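In order of appearance the chains are A, B, C and D, and numbering begins at 1 in each one.
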């Protein structure tokens, strides 16, 4: 295992300390590093709190700040945070208008956030995100995973919270954006969890994992390494089919790197995805390219499409000032 | 059972988890995210850190405290599930439990786990160990039989297709691997059975 | 070789197309993809043009926009662009106040920019950047390489150009910032040039290349993989010694990822570097963390320190609106 | 030399570069950035793309056009250096050069490369081939001798420490590797010598 770290047990703490020090103008770190919160809490605003296992940086702490989250709770690497973290965060950023938990659909996350919600004093709602089309959907299983689409929900709901929307409206908005957002990923190499010390899975020199999850979970199938065009086609085909997109729809196209893939390849995928969507008459009205929802050092990427109406577009464009996303201010 | 015996029991369970931590992580790497051994290790480190004070508490307080420590330290799916199991045991088992009280409390704890996980036996999870062990316990099985049941039940998760937990994302590809949570539950139950037997509390 | 690409020969073109499409609000791509330029040219402003081999994304095209560069010329992967590219770019963004070429100190880059300058019609000056302390300095060799410090020079000189400074002042400012800026890098793995198809160098499972360049050029020495603290200490020791920093100096600390290293590790390095500098009484007044001057998919990072006076601080803080750096607007 | 012979000469040089492209890249991977073979390949593809028209030009125009194509297509260090060499040759060689004219023009071209690269022989660059070849040429060496001198000169860069070019960043670690630009120059010169000899233009 080759990583820029000291001891395996210090990785999370030292990384959080560096993050908090580097962005001290925007965030502060809670006691015992239970959460990262905004410096400024706005009275009367619904508090948006997310969190999840670490190893997906900049998700979620990188999205704490004006126009997005109020706090983020970092769990151990790939492990949901514990309820005391969410409770401490909720107390710290309470604006008197209730709390919305934004939770990726993994049972660990769902259960830990649920326990925190049960123990909370004020009004709490939870929004469960499940944008990964690689997993077959069904009501009697765990369902789909929450992956890169999370960023889009956090941005759009964050902008709505900033303008003063109430708890019920924010939950409804988030659910709608989630239902209009789909992602699929591909891994070219495995990630290595620091504490495990060796790769989570192994791929041959000519193989890729299509439909991989953001924890290096196996995907739909292991196949021969394909061209960027073939990869884009398979992923977008699944997404467009699942969203039942018709031509002339406007979408946000998000090309997300998993941590080990450089920007050059991500922009190439942005190009190939656009060309494919063009061919279907689907209009890319907004886009984002970069490694925002990562899986440690895994090489690969995910593509996400989110259907945009005028409201979603305006909320996406609204000013945001966080460590990882910043525009309009 | 005096506080010394209780401490010994807790330490034995923790030692089993520490010994098998890598095995559990390897099982979780195959069909999950490779942290189950680390998660439980962190949990039992938190529990043993409260010794010897913890062992001086009454059974209900001890179990609730241990469960709460798991909830607040483990995270992931296993934190709430194992935590809920121990907390619920603590809530219902009474200060001086006899076998009937243990059987009843175990049953309640299993129900609480099902509610927390919105899950049932047959879905390739730790419930596939807890449920048959509960049945054996209710049927009056001795320590050796309970241990054997637990270990066998974990083995039986190998051919199952996962319906809940991270492994469910794999669909058919989850078949052919043992569920890590089932394995860890079976190890804990086996250790408890051994210890109680050694201490002369279970035939 | 595992990359998200189609044919090796299409990598650059398709990546540039994706980049230009994704940031069409800020940049446009010149004919034959010779350069990336800002949409808006400001009459009376000195034109800042940089460029170099590709494979270092987002450098340089990602820094084209308000408050930074006017144009960037992308060469083939790790190969300097050709003089016709610089000449075409200079013509496209000419504001009538002269052109400043910002050139990293590699003989290929220096010679190609020099040929372009010789063939130019209007006034042209060149600024040669050489911030890499890994290479021993001397006047009778090629000297030092230009690496991650380039970003800092481009930001500060870019802000000064935006406020209307003239060509001579900008060149002098850039030279001063360059002389106050030092970097050093470490590689944990090699990069793979697409056209070469195999890694540029190979490192053992327990080795790292200390002092590596941004093209995977060997550095000072190949040593056993060390802890983050030991790495930070060696790199900062060399930098601080070379800059003759004394305690109470204010610096900008830039932790730069090489492309294959995730943000989690970069923030950890940010923490360890700060702790080390703290111990020396050196004050981190500004910082940046991310993969901005990359080397394809190489794992590793560089640390850069730049001494800040009040002017440099104000210019660093000035608004910038480019694909890769954005704040204040 | 008619246009057909000139075309054959250009194609022979290009073929040599294409054949050795991987070898040159491998040399550059050791002490540079691993693109020298690709760079020259791109350059000679640009040059051959202008055939047969290019071969119909006069020697001065042909050489200037070839040099400009290298400058505008290669990039890196070799683009300006090889380009400058051919452009300068074109500027001074004259339309119907005899041996004396070639010797003089070669000398001027080498000086232009030195000026462009701010470099001298002995610094582990292509000048370590160009300079001794120029001497051999001036001394009246035949084709076989020039070829041998070029190949040997490239070999002699192995023990040198680089002072210019990317390899200079390595300091002492540049010792023990052949300079890629020296190697490519020697291959081009060897091919030209062979071709001129084959065509009966050089004994």
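Note that a residue touches a chain if its C-beta (ideal position, glycine included) is under 8 Å from a C-beta of that chain, and two chains touch if they have at least 3 such contacts.
Quantities reported herein were computed from a predicted structural model and do not represent experimental measurements.
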{"item": "Averaged-CA centre spacing for the pair chain C and chain B, given as whole angstrom", "value": "54"}
{"item": "CA centroid of chain A to CA centroid of chain C, Å", "value": "29"}
{"item": "Distance from the mean Cα position of chain B to that of chain A, given in whole angstrom", "value": "32"}
{"item": "Residues of chain B engaged with two or more neighbouring chains", "value": "none"}
{"item": "Multi-chain contact sites of chain A, meaning residues that touch two or more partners", "value": "none"}
{"item": "Pairwise touch network: line, ring, star, complete, or other", "value": "line"}
{"item": "Pairs of chains found to touch, sorted by chain label", "value": "A-B, A-C, C-D"}
{"item": "Touching residues on chain C, where the partner in the complex is chain A", "value": "2-6, 11, 14-19, 21-22, 54-55, 57-58, 62, 188-189, 205, 208, 225, 227-229, 231, 255, 259-272, 274, 284, 287, 289, 291, 294, 296-297, 299-301, 326-329"}
{"item": "Touching residues (chain side chain C, partner chain D) in the complex", "value": "53, 75-84, 106-108, 111-112, 114-115, 134-136, 140-142, 144-145, 193, 195-196, 200-201, 213, 215-218"}
{"item": "Complex contact set, residues of chain B against chain A", "value": "25, 29, 31-35, 38-39, 42, 71-81, 116-117, 163-166, 168-171, 173"}
